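Working notes, structure below.
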Amino acid sequence: SRCGFPEVVYGEGKPAELIVEILQRQAAAGQAGFVTRVSPEQAAVVQQAFPNVHYNHVARTLTMKNVSAPGVSDAEPAVAVISAGSCDAAVAQESLETLRWMDVPAVLIEDVGVAGPQRLIKHVPLLQRMSAIVCVAGMEAALPSVVGGYVSCPIIGVPTSVGYGASFGGVTALLSMLTCCASNVVAVNIDGGFRGGYVAGMIATRAASSRDDD
Amino acid sequence: SRCGFPEVVYGEGKPAELIVEILQRQAAAGQAGFVTRVSPEQAAVVQQAFPNVHYNHVARTLTMKNVSAPGVSDAEPAVAVISAGSCDAAVAQESLETLRWMDVPAVLIEDVGVAGPQRLIKHVPLLQRMSAIVCVAGMEAALPSVVGGYVSCPIIGVPTSVGYGASFGGVTALLSMLTCCASNVVAVNIDGGFRGGYVAGMIATRAASSRDDD
Amino acid sequence: SRCGFPEVVYGEGKPAELIVEILQRQAAAGQAGFVTRVSPEQAAVVQQAFPNVHYNHVARTLTMKNVSAPGVSDAEPAVAVISAGSCDAAVAQESLETLRWMDVPAVLIEDVGVAGPQRLIKHVPLLQRMSAIVCVAGMEAALPSVVGGYVSCPIIGVPTSVGYGASFGGVTALLSMLTCCASNVVAVNIDGGFRGGYVAGMIATRAASSRDDD
Amino acid sequence: SRCGFPEVVYGEGKPAELIVEILQRQAAAGQAGFVTRVSPEQAAVVQQAFPNVHYNHVARTLTMKNVSAPGVSDAEPAVAVISAGSCDAAVAQESLETLRWMDVPAVLIEDVGVAGPQRLIKHVPLLQRMSAIVCVAGMEAALPSVVGGYVSCPIIGVPTSVGYGASFGGVTALLSMLTCCASNVVAVNIDGGFRGGYVAGMIATRAASSRDDD
Amino acid sequence: SRCGFPEVVYGEGKPAELIVEILQRQAAAGQAGFVTRVSPEQAAVVQQAFPNVHYNHVARTLTMKNVSAPGVSDAEPAVAVISAGSCDAAVAQESLETLRWMDVPAVLIEDVGVAGPQRLIKHVPLLQRMSAIVCVAGMEAALPSVVGGYVSCPIIGVPTSVGYGASFGGVTALLSMLTCCASNVVAVNIDGGFRGGYVAGMIATRAASSRDDD
Amino acid sequence: SRCGFPEVVYGEGKPAELIVEILQRQAAAGQAGFVTRVSPEQAAVVQQAFPNVHYNHVARTLTMKNVSAPGVSDAEPAVAVISAGSCDAAVAQESLETLRWMDVPAVLIEDVGVAGPQRLIKHVPLLQRMSAIVCVAGMEAALPSVVGGYVSCPIIGVPTSVGYGASFGGVTALLSMLTCCASNVVAVNIDGGFRGGYVAGMIATRAASSRDDD
Amino acid sequence: SRCGFPEVVYGEGKPAELIVEILQRQAAAGQAGFVTRVSPEQAAVVQQAFPNVHYNHVARTLTMKNVSAPGVSDAEPAVAVISAGSCDAAVAQESLETLRWMDVPAVLIEDVGVAGPQRLIKHVPLLQRMSAIVCVAGMEAALPSVVGGYVSCPIIGVPTSVGYGASFGGVTALLSMLTCCASNVVAVNIDGGFRGGYVAGMIATRAASSRDDD
Amino acid sequence: SRCGFPEVVYGEGKPAELIVEILQRQAAAGQAGFVTRVSPEQAAVVQQAFPNVHYNHVARTLTMKNVSAPGVSDAEPAVAVISAGSCDAAVAQESLETLRWMDVPAVLIEDVGVAGPQRLIKHVPLLQRMSAIVCVAGMEAALPSVVGGYVSCPIIGVPTSVGYGASFGGVTALLSMLTCCASNVVAVNIDGGFRGGYVAGMIATRAASSRDDD
């Protein structure tokens, strides 16, 4: 538990039995496991072993502890996960589940892409109160540029592989985020929903814990 | 004069004497020549032969006729050339000079990049009256995505080669424009200020001339 | 209906039920919906809900209103959709269906690639009367260069992903269109039939409506 | 002063007089200007107008206020800027100057590339006390992967364009950081020293200010 | 048997019958055949013809002679095959099987990626006694850079195609190895487990045989 | 003189004295030397040693024998070198000089790019009598596609590095030629004027010599 | 029959019925059809309609006339098709079938890749008598470089998409052929077996027909 | 002196004074320094401080000890450095100087590119006695493929950045070496003469020292 959180399991291609085994080891060590990139088939096997595990079939994540539904907790959210379009949902929800597993109060705002400018504007006051924002977008990924103009916290850009042709499987979105004119934007790998949520959670935790220190 | 306009000369690498010769031939044919990518050294030679030629040293264009200063003509503009940042000036002005040479009333709005959202908003009513918009931007080129959300005319995106690193000499801006979520955006080559202005001018001319037909 | 047309639905990956729901909402608002990238399976579900919907299985589009067959309407066409080869049919027809949905009179001219020069020549007089041309081509995409030499209206180049090897899924065709020597050519994304038709339709509409204003 | 800090000026290609003018405007507004990518020639002109301006000729930055020398301030550093090799100095110092201008106590640790593992180890205890780390590296950029294994704060990876051949002007370093196995690493543009420092400073400021709130 | 070893068969896409035929020819010539990239289906057919053939279903290799299990032989290992993560297993085992077929005593050390630095450290004394090291890693492939700092023998880097997004199917790992700061690192093709093992085996054999010459 | 022609010297970066030395050796062996990529400075030195050498300052070639001016010889041309634009002149002339040095009667037809279709048409009857055609073009390189539709001999496409932005230094022209729809088109390297002329000359020589055999 | 040969049909993705229809039209016009990229399923349908059609299931071609088996005709071959490895067979045979359909006497020499130098040497005298050589190779494609050193006729390099990792689906082989040091090598598209055979056939036909003219 | 050799200095961009300082430190520690990528200007300054330093102006290396001229030592060479063309000289000599500084007896064989096959053949018996071969080649880099077919020792391929167009600054040569059919070839970075020589020297040293152990 190097960073204050137990090791996260990358489920892709792992036999379901191996995932169960790792989770059992973590459970024995008193850790709440978290697995990403889990197929429905893998999830079914794990749920046999751990009936209370939480599987989000959009995010394709497994969480080994009780997590409150987003928006239900009465804590003021510290991180917002925003996404440009409905096809970005899987990645956005992977960020969200990561934050819930980290116990960071988070809010999800979907489908606020810049082609419909009024959709974003109404969320600006909320966004301005965040410790960090995860901004999920594909294709030309104009969203972080626009959000960056309204807020003063770090924005973690997560490019998605949606789209066709010159989207090049997320490369265009990634390059767009890296060259973004707003100074508070950084980027992670294409479809890197886990990392986007994780780093945003770290920033929020750090801010909150220093608050609690006092 | 295939498209209703005389052939435009691409000045890059041409001996100044050759440019003079071509312009003389066009003048003899009663055509008003237009030359792009002209260095100050080339311009000086041409201005010896044609003292009244107009050289725009930002756009690096030469125009062989009287063009009214932008904003001075009392015609309502039909095309807006907008640019994201001050480093896009050369390309934006190349578009503008092309439009002036085509006698299309045009307006130039610079430095309205999305990192400062309020800078663009105040121009929206004007933009909504245009026949076409030339949108010049480099790096992540988020501007056409945002403008596309406000207007209903075609937008010609002109990516610029400004920036460093992952800007890749304008490739990122080009890919961004090609994958732009707004449905009314098309793209031309990197630093293609002439073509951006030319096609916008064609659209505006066509609209206006059909109006005049009646 | 930002641009005078209702929002177009991008069908790829959307559950058929969601498409039905969106179309019902649009119908309730008195709008004629249009859906692109629709699989036969999705189409079958939508057609259950809306028996009169028009599904073009080549273009893979769904249109929610009566559209006259191309060539049947007695209006002189304002836009020509031309394609280089028979493998470009799906993209060309997506452009055509977009134009029909926009009520822009359009004509489709297929298989006029430049390797057989006489095939194109006979259509030149028709092409010279258009307000805009959508030019669909794959591989080396020489067609817009050649057409651009004959006409004086804007040409929207739509690269297609056909071919193998150095076609690179349409990248070669896209680069070819972007560097096209004819000044009246712009480009959209690879396989961007919808956008090609949409922008051509906007140009034609704008020209026609200004005519009607008088 | 959108993010609590005045607008930073990008000096590249700007006439020195324009830089002076912008800084005068900022000074009049009571803001301490900061300019990046400033050549010695530009700096000389600015220093005529503002004799007390601080020019770092390695970082090529101009700062308009008194900044304490790094390591001299008695505040415990909140951010470490670490670099892999001596050729990364310009970028690392750009990050450092950004942090000094933001009044974030920072420490610079250079030349701790992984090819000499013992060089890094001795700094690990210090690194473990940081709020954020800026990690500057070129070529294969293995440094963030290794540092990421020792610390629990966010690491902003800044790839540099040093090297030859397969370094591809920093692209390899950038891709390496984006695919880094350590979950706490994000990336910015190649040679993006300013942004690296800026986002690290934001994280540190946020942590510290929440501490001060109490 | 050009290099002192019989020709190795590349199984990919070969009909199983053709593989059997080649192996029979080699057996008749007194050679111990070795086949790489063998599917379970191909292996089943070959095993019908040669019941004692050894099929490693992780490495997907077939070996036509008795090979001692790794670690079982009492010879001090001359080559270590090390890998960064569990997803690199297939490639690492292909290297290992190649070495076993060459009768080069080898040891396999898996899952010692740099994100968990203590995992590697304990193997350093063993690594320092090797004649050559095969280093298998994907994504940012930081492992050879780190190992290169501890040992003085040649390291053959084998990039793997694991990962997503900016891993680009192993390209990032390959570029990383090619630009590696440690001077003793060379690279082979992505997923080139066979070649990595083969060249390491050649180096070890050469060292050992010169020892035996005396 | 492997292929019936003496070795051609690639002048780029060679000291002029070395070029003189090689030519002297060839002269002593009774061979007529040919040097490509020769700067004016190198040429001046060589011309000191060999006053009758022919230097073409556009093609940047040196020829060590009397070559008749193109078009002057009364032999019917066997190869046509055609180019799309005036910026392709250096490459086209390199092809032409190669053919003259090979004693292959050749004709040069410049500036017949497809944007002006009538310019090419008038040369078609001549082109249809050739043994081979060298087709030099940059940017989208539509010329070989069009010429390929009119003739039945092999066409050697030579892409040129002219243009900007998405021309990518000739890559677009190269890809265009490789994916050309006309079946009689092959390609050589970007700016490969020498090879284009050489292979065309080989084809013509072979046809002619078989004629002479009888 | 523009080039003296009827139009060749590209079968990929065409309904079998359409292929039958085209072939019937060609048969009615007295032409012997040739179809490439034909799947076994398409072939079966065509063979129903034309029982005597020749289907090569390696080359995946259909030929509508009697072709003598290669090597059986007593004409001295004019073209050699050589390939580097056994995985290049499909492409090499597509070239061969094209030549047989053109009635050009041709010889196929497979598996003479340069890693086994003695395999090629014995064919050199035969190769030196050819009018043209089609050289099919994948991966690093060293074969044309080596063959080019032995012969004096044009070599048409056909890169194949075999291999993994840095083979990049044939891109490496293509680039290798384009930069080949031997001056008599040109290239066609990746997997372009048809074009390789077609252009080689044209060269041979041209040489032979000029011989027959006398 | 991690690998038994002192740290090698990378001279590119380092102030000459810094190089002097590092060499003085090494001299004081009894080490013989070696500096690569040294300009004549840097060399002149260093030679002021150390009159006996050896500067190779082709290789651009500085060596701080007496090295025997290549071929002069009576030791049988253990490593051959071979290069394809005369433009590869700088890189080949960098490898050679590295080996001389390591006291590894080495031989340099230049200009044996495969386009002239007989040039290589005569050196094969010598090459077959080597412990390792450094193979330097640009453009299509066919040389290692061919040499690999004759010898049984490891070959370190060093791609060079010579050539134009599709050579892409050495990328084609690098890809060619990585996909080389000969199993004993590995690759290093483009223009990586130092690393090529260094790893070859390590292999030879290891073989020789094990011989001396006995």
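Quick notes on this one:
All chains are identified by letter, namely A, B, C, D, E, F, G and H, in their written order; residue positions are counted from 1 within each chain.
Keep this in mind: a residue touches a chain if its C-beta (ideal position, glycine included) is under 8 Å from a C-beta of that chain, and two chains touch if they have at least 3 such contacts.
Bear in mind that the values here come from a model prediction, so they are computed numbers and not experimental data.
Comparing contact pairs by residue number, the interface of B-F is reproduced by E-G among D-E, A-B or E-G, since over half of the pairs coincide. By count of C-beta pairs in contact, A-D exceeds the other of the chain pairs C-G and A-D.
For the pair chain B and chain H, the distance between C-alpha centroids works out to 53 Å. Centre-to-centre separation between chain C and chain F, using Cα means, comes to 42 Å.
Centroid to centroid, with C-alpha atoms defining each point, chain E and chain F lie 49 Å apart. For the pair chain F and chain G, the distance between C-alpha centroids works out to 27 Å.
In chain H, the positions touching at least two other chains are 2, 116, 149, 165-167, 174, 178-179, 183, 189.
By the touch criterion given at the top, residues 86-87, 116, 164-167 of chain E touch chain A in their complex. Those residues of chain C that touch chain A in the complex are listed here as 12-14, 159, 161, 169-170, 174, 189-192.
Only residues 2-4, 8, 131, 149, 151-154, 156, 174, 178-179, 183-189, 194-195, 198-199, 202-203, 206-208, 210-211, 213-214 of chain F touch chain G when the two sit together in their complex.
Those residues of chain F whose C-beta lies close enough to touch chain C in the complex are 84-85, 113-117, 139-142, 145-146, 148-150, 163, 165-168, 171-173, 175-183.
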